[in-house]
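The two complexes that follow have subunit A in common; it is paired with subunit B in the first and with subunit C in the second.
== the complex of A and B ==
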């Protein structure tokens, strides 16, 4: 996997570079513990959505999940409305928090399953299906909340998830890290991961090989939906209020993260660690520009540039190109290169 | 390949950690930093506010005043900027919230860290030390209606436009307008509270309908920034310029043509430049731990004698007299 490790190296290098540049412009504050924590707590909502998009893309057949942020908002809004109808966040703090989290994640799971069923059973193209559900989720959130922000408040457990640290690491970041590790492990060690990548590579062959295609697709979108539910819960925990139109810019950024992470848009390949690193790179860059006091339009430009760089890296093996002497004298170490399809 | 990537990675991480270690020793800036965060950057309203922040910086070299804002109109993007500024270690935040509810949690965290928080256009913001409003909303609505009544000769049919029925300030403005119109028994309100959704084209269509339905209508009072343009165009095309009165919120530059033709009688607005200066001035006072008192002078035109009330949360609500009513004769003094 030449490209994949090349991508990983590039991502790590970019992250280090951004840290160094940040330290230089800010005279050190960029690397302060507090800023690290602040950036770490900003990251999860977007990175969770990006992992969801990655899974959908890996499923192949033009797989994508456009409904992520809309579903995250719906989870937060609907859960807040449902739970506060029978519990008060001020009186029974713990019960409120726990039910809020459970309901939010469950709504995410249900929403994702609906996506999966529509795509697998009715054979709707994912981009159209999730575009439709995105609008439906957002519309439902508007109806339920009356278009206004819904107050969740800061009951004990939720406020801790949103604000507190565990061993100097923000708790919401830990939740995200656990989710990412679980998904990475599932993709690597379970038959599901193998089925997903193989279905993405060649759906027809996967069906003839006896893979449960429907099951794989439904569960993929269900996982993606669950991640949205978790993101919605984290948004609520941090912001005290939830609103239907929060993060309207996240959709495209999540896709950008995924493409930058080298996930193949045609399906069959993607690594969680790359997605996480790529999300971190975007976070570092956007915080960096805010530190430097640069216009946010520069940020869009820089992201575009970064994306093009990564597409170039994916196409040509830049790391090998930069270190040509490693290739010739060491033939035994190199794996025989196979011509790369579609790449 | 594998070996190289490992080495690169380890090397990179080592360099980064080394930097992180040494970085803490460097000192931060000496002057207090007041960071203004606007709803969205690159639009005329907030470009105008930026001129105020720059002017404030020039007049107060003992502080650092900057302005930033998201490139897209998304509360989440504004939230990220505020979080990064808190982490950067600014001393005061002057925020014009995209959505006050979304940033409550973050502003609370900022205040817990000892950062001074001032807001604008958010009289329902709970976590702020002071919210600056350019004027009292009912005074503004009344002033618009007084101007309208004067133009109408205190008699005839009139109607109102609001951005949406859910827009609190707009409803306050037309409510105060109606209250004022009640003092003139010959003024008759017809089909009130038309929703414009701040869309000049939609407002234009609606205004044409109203002109057909009530050919004898004499006056319009509008609320959202683009309403005067839509209604003004309808009046202009119907050849009623100068015969039908139109008073509403609007900005001088876009309204210039219609003001000249007489389709718009007068526009009301507040100057974001002055509002930006007032926020910064208030932030500086709070940084110096000075008390904000009723009748205080913030040293900014329109904020020379502010009214101080209790705000939505623990903070204060500071109301200036920054209202500007401009007509054909005077709008050129405020071109932006």
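== the complex of A and C ==
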């Protein structure tokens, strides 16, 4: 855990650096209130999915949630189909919006719980399970929508969530901030957070210590699914239409954010604040590339390169190397998982 | 001598219990895949006899070549406990850059050289994967997600995004070269293309590597427990690089065959089909945690996915259901194999 505060400092530094570079390149418009607001309103979808991936990774045992964006799209699509079958947005915009939100989040919760039950009860490997559910969720979204975009429209409350500001902050960003703070608090102050990290560190020891393994894993994936549901609701609010294949690159980007945030892929360690900062850094970079007029493909290339770079940073403890005074005398946390060959 | 004695004893012991169905399924999970495949084929043949026409069967054979090559690569990595999602990007990268290269600079290049170069190019990209997976020491899923974007991003931003509709003539000719040709009842000519042969050859080579070479031993050992394998003296770096290079080579080969078969090179193609391929390998009985599986099972899994994809329409299920059906199949197969393994 010796890199924990180093990671935080590094992410803050990266964010500051990106802001400065952006300001210099754009001559100040990058830091304008309007640009800040538009970046803040693009952030929540991805950051919510990334927090979900982080939780799944923290649970250890190869935990990962690949079904996030598929579940988010499914919640949007299915909720739009269900709600508009008995309510018309023209009749009562408020009722439509509220029921759309409730149904979307509920679908996320159900989908996440299914993931958790399959993994905890049936012992299916998380990669395989979420790969299967990813396909099933996306397939279900295709079936209920016939493969076409479903119109949600812009009823009052929903369109306000998608587009309006509260005290100069986009409302969807506030929703995201509340969700992130709640999750961070849960991880830090409840026994669940402790159980999650300990289960991820050593599943066997956690079982012998009497932690409720099934409960921890099911609730972890259920929370991840709920976050996907919220993300799906925000996607619908921002885009008027929902479609099954929205955000096909979000899966990679969510994993990239999580890896950049220093979450350990083998489980047991991760901080929400780092994930949020790393999501912000990625959003800044993405906007910077837009300012530079580069194509989406260059961005894909850059994301891939960035992911690998950060894996290397995590592997070779570059953060510690650059800040030697932080280095602990006892490097107990960095035992490699496999011994080096030719030793 | 004592080793063979132990083997004899084990064989005798297993033969005694070998008659129970559960035991057979646990030892050879691909029997379930086979049973499922037969069941689906019978059901479809009853629902729609058109399924048994030679043209449909040959279509299935043709469709399974590219996916089968991918699946063999994924299987060998899965057997060693890793996972690869970058192979489609490798295939797209090699097929498109090879086509561009041949079209612009080397128009007279013989098809054999093109195929060898594509395979070598794929292997080279695979080596990058292998080195990264070995040195970064993170789950290979995450590394290969990164390289998938890296390769594809590089292809689309620096090599080209133009859809090539007219291939160099030798590549088109290879795609049309017949292995078997006959006329069906309604007078249409049905062709089993020559490139179909590549799949059985690759399958036999993969089987040979896994079952008859030291590398095969090393692969299953690493898949069983990488720590113990390295203490036994297997060079993990060599194994990782070989695995990913082999999978990359198969992907490069699959890519060039894909181009020749479709007579066009679309740089946006292939990427996105990787989940189908992984599903096929898993349905073939390979555990995603490594150490198990067989080439036969992998091929059966590929046939299963190809059949599901192509028969849904024949039995009157809209094609929109395809993803859902395959997803549910993955989950069922995973759950089934896990419960089987626990009961032993």
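The definition used in the following text is that the second predicted complex is superposed on the first by the 294 of 343 C-alpha atoms of A that agree within 3 Å, B and C clash if a C-alpha of one lies under 4 Å from a C-alpha of the other, contacts with A are read in each partner's own complex, and residues count from 1 in each chain.
The rule we apply is simple: a contact is a pair of C-beta atoms (placed from the backbone, for glycine too) under 8 Å apart; a residue touches a chain by one contact, two chains touch by 3 or more.
All values derive from a computational prediction rather than experimental measurement.
Trainee: Of the partners subunit B and subunit C, which touch A:259 in the superposed model: first, second, both, neither?
Mentor: second
Trainee: If you stack the two complexes on chain A, which partner ends up touching A:142: first (subunit B), second (subunit C), both, or neither?
Mentor: A:142 contacts subunit C only, not subunit B.
Trainee: Just checking: does A:127 make contact with subunit B only, subunit C only, both, or neither of them? Give me first, second, both or neither.
Mentor: second
Trainee: Would you sort A:297 into first (subunit B), second (subunit C), both or neither based on which partner it touches?
Mentor: It touches subunit B and subunit C both.
Trainee: Figure out whether A:25 sits in contact with subunit B (first) or subunit C (second), or with both, or with neither.
Mentor: The answer is neither, since A:25 touches no partner chain.
Trainee: Who does A:184 touch here: subunit B (first), subunit C (second), both, or neither?
Mentor: A:184: touches no partner chain.
Trainee: In the superposed arrangement, does A:62 touch subunit B (first), subunit C (second), both or neither?
Mentor: second
Trainee: Name the contact category of A:247: first (subunit B only), second (subunit C only), both, or neither.
Mentor: first
Trainee: Can A:81 be said to touch subunit B (first), subunit C (second), both, or neither?
Mentor: A:81 sits against neither subunit B nor subunit C.
Trainee: Residues of subunit A that sit at the subunit B interface in one complex and at the subunit C interface in the other, please.
Mentor: The answer is residues 147, 248-249, 295, 297, 299-300 of subunit A.
Trainee: In the complex, go through subunit A and note every residue touching subunit C.
Mentor: 62, 64, 118, 122-125, 127-129, 131-140, 142-143, 146-147, 248-249, 251-252, 255-256, 259, 265-266, 295, 297-305, 307-308, 311-312, 314-315, 336-339, 341-342
Trainee: Residue numbers of subunit A touching subunit B in their complex, please.
Mentor: Subunit A reaches subunit B through residues 2, 5-6, 8-9, 12-13, 15-16, 19-20, 23, 26-32, 34-35, 38-39, 41-42, 45, 147-149, 151, 154, 162-163, 238-241, 243, 245-250, 286-287, 290-291, 293, 295-297, 299-300, 319-320, 323, 326, 333-334.
Trainee: Looking at the complex, which residues from subunit C come into contact with subunit A?
Mentor: 83, 132, 135-139, 141-143, 145-154, 156-157, 161, 226-227, 230-231, 235-237, 272, 275, 278-279, 282, 288-289, 320-328, 330-331, 334-335, 338-339, 342
Trainee: So in the complex, which bits of subunit B are touching subunit A?
Mentor: 1-5, 8-9, 12-13, 15-16, 19-20, 22-28, 41-42, 66, 68-72, 74-77, 79-81, 83-89, 99, 101-106, 108-109, 166
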